[in-house]
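Order as written gives the chain letters A, B, C and D; numbering starts at 1 within each chain.
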C-alpha cells in the first residue's frame, strides 16, 4: 500500500539486517542521500547494497561501508579517488565485491522487475567478469548468460511524486531510479516535491504501482528546478542550456 | 540520417520485397494506417509482418494479406470476427503464421532493440506455444528461451515529432511503437504533428536516434488532441476523463 | 505493496466454509470477487465477464485497473464525447481516464505483468485443473485458427490469478478437472476459482479447498469430480 | 541512419595511405577522428582524451552526443549558472543541454548502446590487439581494486568502436599487440586505432591496414611490431 511519510527515518524503518538494498544515483545525481543517512542511523547491518559505485568521501554509502554495515556490494565502479572507506574494507577482506559492467547491472535489475529469468548479454564476453558464466553463440555473436538482481528494498531519489505515487525525475538524475523501482519488493522514494495534483499521465516515468513509500525532502534539485521554471516563465532559456557547442567554444580559444 | 518526407508513399519507398516489417498499433490505436496503405500501393511483396493482429475487415494489413503480399505473419491474435482475409489465406496455406504470446512478442522486439541474444520468459511454459523451445528451471520457476525479433523496417504512428526526430505518443496509442522503433534497422513514423520546436527532453518517449523517416499525416488523433487542449485551456477537464467510476455508474442503474 | 496485499488476501482465503441454496448470479459473483480484492490493489480484469468485477470495486478501495495495452488507471467505458480512438482497453473498447492514470509502452506493460507487480488478475476459463493449470485460449478444435493474445502473459503474471467461470458448461460438462484436456494457457497459475456454484482455493498439492458452495452440496461437488480431492475451508 | 553512416565510414576507411614526418598532437588527432565521424551520427565519447573530439565536431554536422548515464544531446561542460548537479556526463562532470536533447533511464541507455544504435564510440586503451581486442579497464596489477564502469558495454555497443591512444607508452612499450596481455574489456570490438603515430584499421583477420603514419615509417612500424602483419591502405 502506498504511504507518504514525514521523515527519512520513517521511510527506511522497515529495512532489516541482511536486506538487499538497491540504491539509486550516478555521482550525486539521483543519489538519495537523506535516505542513505537515515539507513545509517537505523542501525541495519549485514546489508547487500547495489549501487553504481561504492561510496565517495565521508558521506552516505561510504559511511555505511566504513561502519562495516555492508556485507556485500554489487557495483560497476568501486574504485574512485575518494573511495577510501571501500578501499580499506575491501583490502581488509571485510566486504564482498561483485563487479558487474554498468549496462549488465542495469539490465539485470530490469530483468528482475520484468520477470525475466535470465538473458544473454554480449557485454563482458571473453573477459574476466564472465568467468564461470554460461556462454553461448547466437547468430555468430557471443553472449554471456546474466541473472536478475532483485532487491528487498530500493532507495531512490525522484524529483516529484503525485498523490498516486507516480514519479518524474530530473535530467540525468533519472539514471537507475526507474529500473530499481521495478526490481525491489519495496521501493522507498525521496522527492523534492510532493504534488497535490496528478501528474500528466503521458509524462509519468515510474507509475505508482512500483512505489511503496514516499518522503518529501527538499534538496538542491528543487532550487535548480524553480530557477529553471522562473527562467522559462520569463521567456528566457533554461539556465542549463548550452549557448555554444564545444566546437564553437574551442574555436574561440 | 533522419529525414522528413511529404508523403506516405515516399516514406515507405525503401521497403523492398521480402523485407521484415514491424507494424505498430493495437486495435486502431497507434495503427499507421496511411503508411500501411502506402506499402500496399508500393507493390512490395513476400513480406514478413509483425503486428499484434492479422488485419481487420477490408483495410490496411487485411488488404495486404488479401493480395497475398504477406508471406509470413508473426502475431499474438490473428483470429478476430472480421479477420476474414487472414482466415482465408491461412486456410489456403498461403500465409505462414508464427503465434507468439503478446508479452513475449513485445519483449522479443525489445530484446532485438537492446542487443539481448535471448531471454528466459515464464510466459508460455508448458504450453503448445513453447513446444520445441529450450526450457529451464531457475530458482524453482520454469522458463522458455525466447529469441529477439528484428525488423528491417518499422511502420509506426506517433503523435508528434520534433525537428530532431524525438517522438511522443498519445494515450494507449503508444503501445508497440516505442519498442518497434528500437527493433528495426529503419523506422518510419507517421505523426499528426511535425513540430518546429524541440520537445521537452523529459517528455520524449522515443529519442530521435531510433527514428529515420518522418511524415506528417493529420488523423482523428489530432482532432481529439486539439479538443483536449481547448478543454484544458478553458479550465475544463479533458474530455476523456471519467466522471464516475464503474461502481458509481453501476450503483445508479 | 506486497506485504499488505498478501496479508489481506490470506485473511479472505482463510474464511470458513459457507454455503447457500441457490447458485450465484453473475453480478453476485462479480461482487464476491470484488470484495476479496484488497484496498489499494492493482488489478487486471480479463475481457468479458471479469470486466463486470469493476462494477463492485468501490472508489474508496482505490483499486487501480491495468490494461495490458499500456495503461494504469482507466475508468469505465467511454460514452459520447469521451470516446477517443487512442484510449482503449485490451478488449479494444473505448474507455476513460481516471486521475492518477499513466501510459506506457507494450514492453513496459507486459514487464509490469510478468514481473509480478499486479496483485490480482481475473480471467475466464474453458478448463482449470485441481493444481491450477489454466486452459482458456484454445479448445484445440482441429482447423480452428489459433489466437492467444495476452492470455498466457496474464495467466502467469499477477501475484494471484483468479478464474471467473461457471462450474459446468451449458451442456453440463465439468470445467474443473484433474488435468485439463484443452491446450494449456499456463501451468499451476490459478489460485482461485470463482464460479456460480463454488468458490475454490487451489494449491500445487491438488487438494481443492472449498470456501463457498451455492446451489450444490459438498457431496454433489465431490460426486461430480470423483478424481479431485476437496476439503472444506476452516475444517 | 545506418546506411548513410556506413557508406561515409567506408569512404573514410578507403582513403589511400598517407604519411607525415611529425607525430600528431592530441588536438590534431582529435580533429582527424572528428573528420571521420559522419554527419548526423550518434556518438559516445569516452572519459578523458576522447572527450576532446567534440571540440572538432562542427555544429553543421549535427552529431549527437550520448552519455551512458541517460542522455542524448548534451553540450559542453557547464560553467557558472549552467552548473546543475542533476545534469552530468558519464565522467560526472556537469554539462549543458542542447536543443533536441532527451533523457532516459540507465536500462534504456545501455539498451541503446548494446543494441548497436550508436554509430561511433571513441575510447581510450591500455592495449589493443591486431584483431581488435580491447584492454582498457584493468592493468591486472595484483592487489588493485577492480572497477569496470561502462567500459565493457561501450566497447561492444557501437557500430564502430574507435580507440584513441598513443601508439607506445611513455616507457616506449607497445600498446598494439598480437594479443593483449592485460585483462580484456571486449573481444574483437575495435575497428580503428587513432594514435599519435598511426591511424590503423583493424579486422578480424588480424591484418592491420595502415591509413596514416605520422613521424614513423612503415618499416619502423613493422619492425616495432614483428608479430603483426601490416598493409598500406589502398595498396
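Everything below uses one rule, namely that contacts are C-beta pairs under 8 Å (C-beta built on N, C-alpha and C of every residue); 3 or more make two chains touch, one makes a residue touch a chain.
Worth saying up front: this structure is predicted, and the values here are computed from it rather than measured.
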Chain separated most widely from chain D, comparing mean CA positions | C
Let me have the rounded angstrom distance from the C-alpha centre of chain A over to the C-alpha centre of chain C, please.
-> 35
How big is the gap, in whole Å, between where the Cα atoms of chain A centre and where those of chain B centre?
-> 31
Roughly how many whole angstrom separate the Cα centroids of chain C and chain D?
-> 54
Multi-partner residues of chain B (at least 2 other chains) = 107, 110, 114-116, 121-122, 169-171, 201-202
Could you tell me which residues belong to chain D and also touch two or more other chains?
-> 71, 97, 99, 103-104, 110-111, 113-114, 157
Those chain pairs that satisfy the touch definition = A-B, A-C, A-D, B-C, B-D
As the complex stands, chain B meets chain C at residues 26-30, 76-80, 83, 86-87, 90-91, 97, 99-104, 106-107, 109-110, 121-129, 142, 169-179, 205, 220-221, 224, 238-242, 244-250
Touching chain B in the complex, chain C uses residues 54-59, 67-71, 75-76, 78, 81-82, 84-89, 92, 96-99, 103-107, 109-111, 113-114, 133, 138, 143-153, 156-157, 183-187
In the complex with chain C, residue positions of chain A that touch it | 1-2, 110, 112-116, 162-164, 166, 182, 185-186, 198-199, 201-202, 204, 207-210, 212
Which residues of chain C touch chain A in the complex?
-> 1-5, 39-40, 42, 64, 66, 71-73, 97, 99-104, 110-118, 157
Flag every residue of chain B that touches chain A in the complex, lowest number first.
-> 107, 111, 114-122, 136, 138-139, 141, 143, 147, 168-171, 201-203
